[in-house]
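Given below, in the form of structure tokens, are the structures.
The same chain A turns up in both complexes below, where it pairs with chain B and then with chain C.
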Partner chain A sequence: MSTSFEPERELAVFIGTIGHYFKTVGGALPDFLAPTLELALPARLDCTGYMPVSGRLTGWIALSLPSILLRALLHHMGEDRQDEAAQLDLVAEITSTLTSNAREHFGEHLRVAPPLAAVAGDFPDELTAPPLSFRLPFQWHGTDAFLLIALQR
Partner chain B sequence: MKTSAPTPLADRYIRCEDFATRIEGVELAPDVWAVFAQLAQSHTAAEIAQQLKLDVESVSAAIRRLVRRKLVRKHVLAWRDYAATAAPLPPPATTTTFEAPSAPASAPVASTTSAAAPYAPSRSVPPFYVTSAPSAPAPIARSPVISLRIVPTAASPRPAPAMSLRIEASRPLASSASPVTKTPADGLRLRPVLDAIGAKAGGGIAGQLLVYRVFLQIPTELMQAAGLHSLSLVDDHFTLRHPALRAALAETARRHAGVDIETLAAA
Partner chain C sequence: MKLLIVDDSLIMRRAIERSLGQSRFTEVHTATNGLLAVEMFERHQPDVVTMDITMPDMDGLAAVDEIMKRNPRAVILVVSALADKATAVEAVKRGAQGFLLKPVTAQSVQAALDDILSD
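Showing the complex of A and B:
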């Protein structure tokens, strides 16, 4: 657990855990591409897991994945069922794993609330759209997805 | 709104009582069987990961596969069964004030509460989903994942990028600031400024996140007025010409990253 908290470095560690997940469960690291800062909330892909954070930083971190990537991941995991419910379930599982790791890493510096998973056009009522978001696209087996960091001022 | 909460890491799992009727002919990876072997008794994914010295991600995926094959189930008890085996509960607290969960976020997780209108899960919902009210206060900190299907009454706003700033190719930022090239007469080249800010956090993703935090402090209206709707950190050509935005950036860069952009610009 961290004894001091440097927000940027800690968030970078968090992003690293996403790569670790895909490497461990999916067999290959994703390729992270150049990020953008977005004034409007970007359109999300088919399934998105939202991870609310509070403490030294307030806002949420979201992992947005397309259906084709989720189906590929389910297939890689030996899952026969790959419908929308299974995809949403997988996003939930991924974000649950990430938040669990984050809690262990950040401790009390950054509290990570129970994640929320939603389909493309839905945005959880519990969350607030940020004034500016950090969109980090990545590719896994050639499929585009992205991570969204949305902090409040 | 439909909600559900799988908690593959926090929940405890155990073998199904009738697993023997389904196990014949099942072929799984050795690691998955190793996880199955642990589940003669109730365990969480984290506990098994620790015992087997595996990644919790792998154990979670293994449990998921075992659940799908109905070899393993989430370990839940009726209150009557729990009460018959559990130690006596402490006396009730005298305070009537509700206190939000204050246990460490990483504390072990117990069962979730459900205070929402009853929700009947669809047949396709995985067996470890439970219903949960997202706003209901849980008595103990836990980590449920709540799946939402919200009726799309209002479409999510979509970005309408008015301009794109290409600061650098699709690779991490350099760890040191780039020298500022001659500033156009009425503008400020942004790339060296972003590099200088990023360098304060060691470059790479951390540096890009510091750039984000600096821009986060700038009033939204200023960025809108400057037509700055989407700022891509992969372009080398953007010149900042909006005086108020430049002033705001100078202030936030100085305050939050210790970078004096006017000195950079004058260099």
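Showing the complex of A and C:
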């Protein structure tokens, strides 16, 4: 169990949780690309889920997905509702699931709150942009997406 | 039989409901947080409750407490992504009979409900 953010180790945890989610719900593993360190908040895709985190680590974890990927996932789930509200609901739920799944590795001190969701450039008022973040890009069925980890001790 | 699905995600509530298929449940109710879950439980007296944990207003563990106070024989399946042993132990200690880890599939929901109802 870690008490501070250790990029390589924690990115490996999220690679595991993202892979497990997409394999279980979408039927196929994503392809992960090289992570990057971001000094400014990067531009987000169509829908982004934000998971506020508190405890020994504070900040948030965000999952940014394009509409085409969310619609494909909804279709694969057998969901016929695929409008923007459904997409925002799903991206928030996935972000919550990934972060909560990771608690097994971070430990119980990682406290999670209900997720938030926003479209494209919008950023939730409840959160603050971090000085830096780690961006983990991946592709699912050739479509680009990314996870953003903005945690500090 | 009556089922109450508690989850703040509309997509999750609908996914769990779809996974029931042609099942034994003839009446399905939903709630989006713990407070509403307690209210719906009192109103409909469901045979089984599926309960998310991380929700606004009142979380699932607090809702399990409130429901068990009202009916100590309530059957509750916690459906959560919180993947640590302490959370599962806490849910069972408060009275939940089962714990299903998200992400779920139709098969895993059906199996968990079958399991909890066979006890």
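Everything below uses one rule, namely that the second predicted complex is superposed on the first by the 128 of 153 C-alpha atoms of A that agree within 3 Å, B and C clash if a C-alpha of one lies under 4 Å from a C-alpha of the other, contacts with A are read in each partner's own complex, and residues count from 1 in each chain.
Here, a residue touches a chain if its C-beta (ideal position, glycine included) is under 8 Å from a C-beta of that chain, and two chains touch if they have at least 3 such contacts.
In this text the structure is predicted, and so the values were computed from the model without any measurement.
When the two complexes are overlaid on their common chain A, residue A:129 makes contact with chain B while staying clear of chain C. With both structures placed on the common chain, the touch criterion links A:78 to chain B and to chain C.
In the superposition on chain A, A:56 contacts neither chain B nor chain C. Of the two partner chains placed by the overlay, chain B and chain C both lie in contact with A:101. Once the two complexes are laid over each other on the shared chain, residue contacts for A:116 go to chain B alone; chain C is not touched. Comparing chain B with chain C, the partner in contact with more residues of chain A is B. In the superposition on chain A, A:35 makes contact with chain B only, not with chain C. When the two structures are aligned on the shared chain, A:24 is found in touch with chain B and with chain C. When the two complexes are overlaid on their common chain A, residue A:141 makes contact with neither chain B nor chain C. Overlaid on A, the two complexes show chain B and chain C touching the same residues of chain A, namely 20-21, 24-25, 77-79, 81, 85-86, 89, 92-93, 96-97, 99-101, 103-104, 107-108, 112, 114-115. Only residues 8-12, 14-15, 18, 54-56, 80-84, 86-87, 101-103, 105-106 of chain C touch chain A when the two sit together in their complex.
Against chain C, in their complex, chain A makes its touches with residues 20-21, 24-25, 74, 77-79, 81, 85-86, 89-90, 92-93, 96-104, 107-108, 112-115. Chain contact summary for the complex, chain A toward chain B: residues 6-9, 11-12, 15, 20-21, 24-25, 32-44, 49, 77-81, 83, 85-86, 88-89, 92-93, 95-97, 99-101, 103-104, 106-108, 111-112, 114-119, 121-126, 129-132, 134, 136, 149, 151, 153.
Every residue of chain B that touches chain A in the complex is listed here, in rising order: 1, 5-10, 46, 55-58, 60-61, 64-65, 68, 104-106, 122, 124-126, 129, 134-135, 142-150, 152, 155-160, 164, 167-171, 201-202, 204-213, 215-218, 220, 223-224, 228-234.
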